[in-house]
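A, B and C are the chain letters, set down in written order, and residue numbers restart from 1 in every chain.
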């Protein structure tokens, strides 16, 4: 067993980067604007499906389809946001879950539109395979051949993907770190901590919240597109509410209120998730392989509870920050 | 047509009863403890399997199995509260909700490991039919109705007439005010978990008998409908959950009536439920019976 | 003198050793290490099916390892390296497959059970890394991914496009081409694809479908769906589901009092529900790609009941996982190599005529025959297989099973099928 085979871990690293972007989107909505959006996964789904339908069925060029995907996610954010932003936080949480589940159910039950339960492969009907990421793979190949100057043989498509994703992640993190410190960010912070006061000084709270939601949706859409390109095929099962839970977990693992804690959380989470695939050692090898799969999820749940018990502020977080949480 | 309407109304009331009873427990927990309990579904699963063990393995009849399930689930909920959730309080809504997600994962996968993924059945002859004129009942549905007939008035009585029930509603409505009025909020919190567990126990058995067959995914599949019930009724309002549960069940089932332009295709029922919630919140952000926001 | 003698002695010794090795090698010149990986949805919604798939694959590989040990073929190894959980989603499936391929270095992946996961794994992991895949997915599009020189994706299950047409033909013969058939299908890739193919084939030959009901198999009650299915005065029904979730629909159906199992047909997954932990519905019929000629299904079932994890129920396509392990092994034996590209060139030859037929119970003899250079035809628990070069199985005949009043099921007719 080549545990340290870099090919696998580079793949995991690319996924970690994509999850970091997804978590950043949630950060903007939750940590900055105080909106506990539990339907974040829906932005990923809407963007991915829009892009895939346009490319596979109507042969749109990839960048244009990607932009359309992001636009669709923004539209959905506004659609979901207008009824939701006025809600109290616990109502908002469940309303957004409901919104996300609507997207998933529709994706599963409208096969002429979305390919149905078969997923993106079925976009062109049952007998054909619908692929949409040839353009992306061509792009990655170009990046890889450029990299081979530096890395020689090691420059594979996966390496290119990891690099592109993390470069994008870092750029976005910088961007939002600056945004957090801008006047716009300060208003959001004020809204999060005392909405009444913010209203009292004349800030249009609803507008700011919607802006945060839309920004979060754009980031979610980006993450959804990247994930769709990396895996090549997706189905409605990929967009269950569990994915939003993972995004929250990443925020919490790293530390709730720091932008730069997000990549730490994402890496930790990916290590947890991928690392628990390696459980065939004693004493766990006493369980048969089927039960080990259940054990793996049990451990993920257990470690989650344990982490929350021992270090609720996250790896990079500040314990005092917890008191500000409502 | 009318016969279908009658049948659908009955189906809707039964589904509604399941959502209503489980929703009461969930809404009180949500309102009092400020926790979105994502392990609520797993409490139902646990109940169904305890019932299965008592009914199929130890050969007890259904009533005993139900009682056993209720007790066991109440204890499990209490354990969750005392061992995990109370010590880890104060971390905010999202963090605590994630803890319940973790607990739910643990419970679900333990049931998977111990009981296996295959489909199970309680010992009811599901092929029998009770012909009541316009409607036909399955034995499972009859059992569910019997349980509701006992449990719903009992819960309503508990909430309306007993000190405990009134205290629960008071704390859910306004924690600080209740504390000032002399209610021991801590103790009430514990009782709420016991009640939520017990009601989840009832709900689990009801789902098992109404569905006919079940597997460890049972709870997770109804979880979001339970949450929809809670929010629809107004978080923290027990009567709201009761009402919302029945409303949701009826809306979901009746929407498939062919009198409504052919009727909704049944597989879109959850979509309708979620949509109904969002639309209601648009006009009434606090749910049907929730406390109106000051803001 | 000493040096030259020493050199001469060394040369003689060297030649002797070489000759000796040559002799030994001729006796068993086959050495390879066939590494298997299993990919299936082991937890969550697909858990029941995935766990059974995993166990069946494990049983097959255990049988192979036992046969190898008995023969003393120490140079040949067949081992199950790891089983990974795809959770039924393409994303988790690809990560799981990456682990199997990059870390465990498997040559063959038995899985996934879902077409969506298989298509993702095939395009993202298996084909780029040249790893064989034996899938339980039934989408006809999967084998279309075999565009390279070596066919890497093999589909031991009868694909939907073939199944759907067979059903249309058989129902047409039994109930009349213009009959009104209500269709009920589970809402997943298998159900929706198969029912869609049937619908096209059925309406094209003059039939009608008054009610076409797709249902979420996880829904608590299917009463409404059952009531819809008995409307429209149908001449018959077609059900596309797995036995255990079908029970959830069958119970309310029988309560309506208007359902007649004798006029109902099921897909291949419903051919004998009593053997799958459920009940049969006397009179109901289902099709299956020809399994009754020389199939070792009863023996496999007995083995599964004896050695699989206790309490795990038999599921659809479990037997295909079992058969796949033998096909991969025998093909590797004939290719004398565990390299996926080489194995893929021999899959057709070990599963088609001409060739002496062997089942898994005669694995010893099959191994000997292949080592002797003879052509074999491995007949699986699911039937003669007859793989073709594009990765699909070819059923030359279909059995019609019928559920009997005593609760069992038996084959009542076999029809030849020309596509």
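As a convention for this text, a residue touches a chain if its C-beta (ideal position, glycine included) is under 8 Å from a C-beta of that chain, and two chains touch if they have at least 3 such contacts.
Being a predicted model, the structure only gives us computed values, none of them experimental.
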Decide which interface, A-C or B-C, involves more C-beta pairs in contact, and give its chain pair.
A-C
Can you tell me which chain lies farthest from subunit B, using the average of the Cα atoms as each chain's centre?
C
Report the inter-centroid distance (CA atoms only) between subunit A and subunit B in whole Å.
31
When the C-alpha atoms of subunit B and subunit C are each averaged to a single point, how far apart are the two points in Å?
40
Between subunit A and subunit C, what is the gap in Å from one C-alpha centre to the other?
35
Considering subunit C alone, which of its residues make contact with at least two other chains?
43, 51, 187, 214, 309, 312
Multi-chain contact residues (two or more partners), subunit A
109, 291, 294, 297
For subunit B, residues contacting two or more additional chains
109, 112, 265, 267
Mind pulling up the subunit C residues that touch subunit B in the complex?
43-45, 47-48, 51, 187, 213-216, 218-225, 227-228, 244-245, 247-248, 251-252, 254-257, 277-278, 309, 311-313
Under the touch definition given earlier, write down the residues of subunit C that touch subunit A in their complex.
38, 42-43, 51, 54-55, 58, 80-85, 87-91, 94-96, 98-99, 102-105, 115-117, 119-120, 123-124, 139-141, 144-145, 160-161, 187-189, 192-193, 196-197, 214, 309, 312
Can you tell me which positions in subunit A touch subunit B when the two form their complex?
30, 36, 80, 83-84, 86-91, 93-95, 97-99, 101-102, 105-106, 109, 195-196, 199, 241, 245, 248-249, 252, 287, 291, 294-295, 297-298, 300-305, 308-309, 312, 322, 325-326
Quick check on the complex: what are the subunit A residues that touch subunit C?
1-3, 5, 7-8, 11-12, 15, 108-109, 111, 116-119, 121-122, 126-129, 131, 227, 230-235, 237-238, 240, 273-274, 277-278, 280, 288-294, 296-297
Using the touch definition up top, name the residues of subunit B that touch subunit A in the complex.
30, 34, 36, 84, 87-88, 90-95, 97-99, 101-106, 108-110, 112-113, 224, 227-228, 230-231, 235, 265, 267-268, 270-271, 274-275, 277-279, 281-282, 285-287, 290, 293, 295
